[in-house]
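Below are structures written as structure tokens.
Each of the next two complexes has chain A plus one other chain: chain B in the first, chain C in the second.
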Partner chain A sequence: MRSRTGVEIRPALLLPVLGLAMLAMSGASLAVGYAQLPLGRALADAVSGQVSLPALVLLELRLPRAMLGALVGFSLGMAGAAMQGLMRNPLAEPGVVGISSAAALGAVAAFYSGLSATVALALPLGGIAGALLATLVLFILLGRGASTTTLILAGVALNSFAGAATALALNLAPNPYAALEIVFWLMGSLADRSMSHVWLVLPLMLSGWLLMASTAPALDALSLGEETAASLGFDLTWLRARLIGGAVLAVGSAVAVTGAIGFVGLVVPHLLRPLVGHRPGRLLVASGLGGAILVLVADLGVRLAPIRPELKLGVVTALIGAPFLFALVQRLRREAL
Partner chain B sequence: MRIGLLRGAKCAVLVTAGLALAATSVAVARPQRIVSLNMCTDELVLRLADPERIASVTWLSQDPRNANMAEVARRIPANHGVVEQVLAMKPDLVIAGAYTTRATVGLLKRVGARPREFGVPRNLAEMRAQIREMAALLGEEARGEALVADIDTRLTALAKRRRPKPLRAIVLRPNGFTVGRGSLVDEILTRAGLVNIAAELGIESYGQIPLETVALAGAEILVLNDTPDSPPSLAHEVLHHPVIARLSDRLRLVPLPSRLWTCAGPSVVDAIELLVAAREQPR
Partner chain C sequence: MAIVGQGISIALGGHPALTGVDAELRRGEVLGIIGPNGAGKTTLLRVIAGLLTPDDGHVLYDGVTARQLGRHALARRIAFLAQDGAAAWSLSVEALVGLGRLPHRKPFGGASEADHATVAKAMALCHVATFAGRTLGTLSGGERRRVMLARALAVEADYLLADEPLAGLDPGHQLDTLQLLRTVAAGGTAIAVVLHDLTLAARFCDRLLLIHRGTRAAEGEPAIVLDDDRLAEAFGVTALRGSHESVRFILPWRTTTPSRSDP
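Here is the complex of A and B:
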């Protein structure tokens, strides 16, 4: 048992600090771009409703990019914390266990079949359907209390299957450009997204967040074991349904508009867990904010780095996240000995 | 050992096929079984040679959204540029693009099949030279000259049109690419009385351009290089970004089907005519 001491910070302090940091990063995201934008004038015009060119760039290009960075990061961070709390396993994360790549497969099917061109909502719904299927497969195959090894093996299987099926779908897609677009779906990017993407996923994500947040007290109880939680009066089946439903809504719609950005749900809960006193319920919102910060920072990175065409976001998050995964595996091995 | 044997056997098959191929390609002055492995060489072959002499063109040329000669191409067997497919067609002339199907071209060279490669013309002069080179290769010099003469007549007619001051233009292609200096498209824009902003920005041939720059570059004409009715792709989604629709209040959006200038041929004159018409249109 690892020690549960740490630098716990009161939620009343931690959440506002994280929230402010997220706002600051969103502001930085608005300020950084590819063209010289007179930011003051753009802001003034945007506020006064005058449709000048700088205001257009700010409202139609930079704002959706910053908003989607925060929304997608929040979804991935919160879903990571939720799944880790539910499975009581620090490696249970949408990307690692294959839920993100299954969501990408669902979104690819909805997008390249032309379905989302007629019904826009088909895109996030496709992502959500993919994520839901993958989660059901995981739970049916593994049952509850799966060991880390089985979880990871199932993740490897799901990830490689979904990745291959995505490649197949893109090769079969009639547009000759499609086959090259697998990088977006597997690595993720916020480039050239628009406000229509924001409005498309915002309600779905919000409901996912609320569902997950509603499980906070039960999650805290669950960390004491399933029997204890049940004896405290928590309905575990209902808890699982809400939590999985919330995570699937948030991750499915996030992946559908920005592709699968890996490691966010792994790194962020891991970093913040000591600060919330290792309470999985408290970790949820904190991880959401932390995820938003991480994605916004990574997206600033891809725009500031002198590499064109710009890097995919997943490249940056993997560079940060992979060492964390190794450290986690190392620690799990030590604990197992 | 087994692998070695297998490889030897494969080589032997290829070499025999290659020798047969080489023997015929030397003997025939006017090739009768032409195989083209590139969408742009397809178009020239289809324009210059009778369909009976063409054994195969690429599958891309059969799609009227991509290609100008799709109607004829559909009556000819398609290939995907795979070497086994090519050999099975027993061609007496294989024509390839200088940058595509490299593995197939390399294998064909190794077995002595001598595929002929054609590059990408960077201006109208290189385009004329390429048409003539292709016509000579196919033994259709007269048709080649007629094609060039037709292009030049139409270009002269366009040059005689009165042109007011040039307008500033930018081209947006799928994946957020634009076309700059040293490209056929740059000359097409110039001939249409437009100033290519991408060339001024120092972009050489094809390069990515951020939508922010497109919005703020001060263009008077935005040429959207779309494929009409194309199946969905992220690459084409950039061309339908809401910011472009909102820009239409302050500049002219000119949709230009990419098949008109993807390949160097008479259709580039259609592209120039389309741009001149857009420029002359009163606002």
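Here is the complex of A and C:
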């Protein structure tokens, strides 16, 4: 019997394979960079606590870049799967409820106000503040019993508003350099981030992942529609609150430290869906691992490509992601026939 | 043991959908909920399922309210088969039927051997085991309805509420489905089923509940509920009556009014 779900791979096999691939890519990210790094010596020095240039490069430059790549990718991939599961739509992505643009606006505000020049971590903190403000709006709507459609519409409004406000900041930028800096930051990058960025976002992301992972059975049930999911014992308002709360914590902090990295949250769940038998619950962790792999690979590409100045990560992920979106649209069109 | 609804009133979007409706589901019985389009049958089924909270009146599940019972316990006790039989993703039939076991799962727990056995049994009962590995998109409308019925049976609940489970089924599968519901009821389950086919409703249900304009127009044995006056009043039809294999049957034959366009 022919079956379209035939490529399904058991979770006990798929997750370790993706996990190993992610570790391998993290290792490659540590090994690859602009300076030649004697990795063995750097590791030995770092472990023994000896201050040396190779150890400094490893700990201060390569490690935060690799860790942030994995953390941000995992957050984007998992949040993408979570939002697609909630909206029951393969074209949803983490930014669909306005989180990403609100976080970007918060960071731009920190830029524009000059805070980022005087206060350490003002940019990511501004980004997180922006994401939390957007969440406040969404949660007020949820408290009034908003449906998923209402949330999407609110997301459209939040996205438009944050986009307009960001454009306004560019419009009124005191000088072209400030505007250019904002534009570059918005394109997303893992360059020049430090371990303090990692420690800032790690607890937020971890709690976001846990919140989203806790919704796995509910997302499976939601495949059958909201009414049937409710009849199977799932509280939809509480489900929406956990998913949006989790996505805000994970994606809001991702955007806050790296800027906007598009398409990961859209493309990765779609690519991995057949491998988990199209189960939205199982897709969450798989998509997180896949997102981490994609961001790490794209960031390796950015550093290995002989193009200077360095390409922005958001540009590369979009360049890779857009053709996939075309393929997705084609396939959906065929399935509709 | 039973589900007892008393004086259920509810307004949807400002319009009264049900007014003071009483309903009772008893174990081992098939209750047919009938009535013209827009009468409030689906709303009543949703209230009984605990998916809608009535503005007035109450529903007791074996003597306790939904709130006292808790959402999860209610989900194990009541299986709800919704009218639309769509699934958002290309899950296999087996995975979809398996979703009926979710109310029995422990947090972060997987499917047990017993779960797999229950799913296999439900698929076999509904004749969908042969396409366990296929997706809904590759099945006909009637086959999808049977998959969804299997999903509801997989809950193994004390109460099964089915909203128009016959829609889109060919005559053979309509009879099969109702016979299956009878078998399930004989095992001690209480079944409430919304039906449009009065012939089948009269033949397969122990009792009928006629909903008309949001109120309970009649309740009781099919032959009593479906008398000529009520058929004319609620449905605007007259019916042929007869008996075959010593079973009485009723067949809607002609509309009583020239046009049924006005409500």
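Note that the second predicted complex is superposed on the first by the 257 of 337 C-alpha atoms of A that agree within 3 Å, B and C clash if a C-alpha of one lies under 4 Å from a C-alpha of the other, contacts with A are read in each partner's own complex, and residues count from 1 in each chain.
We adopt the following convention: contacts are C-beta pairs under 8 Å (C-beta built on N, C-alpha and C of every residue); 3 or more make two chains touch, one makes a residue touch a chain.
Please read all numbers here as calculations on a predicted model, not as lab measurements.
Of the two partner chains placed around the shared chain by superposition, chain C is the only one that A:Thr228 touches, whereas chain B remains out of contact.
In the superposition on chain A, A:Arg88 makes contact with chain C only, while chain B stays out of contact range. Within the superposed three-chain model, A:Ala173 lies in touch with chain B and out of touch with chain C [touch as defined at top]. When the two structures are aligned on the shared chain, A:Ala35 is found in touch with chain B, with no touch to chain C. Residue overlap on chain A between the chain B contacts of one complex and the chain C contacts of the other is empty. On the side of chain C, the complex with chain A involves touching residues 46, 49-51, 71-72, 74-76, 78-80, 82, 84, 86-92, 95-96, 99-100, 102-103, 105, 131, 133-135, 137-138, 148, 151, 155. The residues of chain B lying in touch with chain A in their complex are 60, 66, 174-176, 208, 210-213, 215-216, 230-238, 241-243, 246-247, 249-250. Against chain C, the residues of chain A that register as touching in their complex are 1, 3-6, 8, 88-89, 217, 220-225, 227-228, 230-235, 273, 277-280, 335. Within the complex formed with chain B, the residues of chain A that make contact are 33-37, 51, 53-54, 56-57, 60-62, 111-112, 114, 116-117, 173-178, 180-181, 184, 191-192, 194-196, 308-309.
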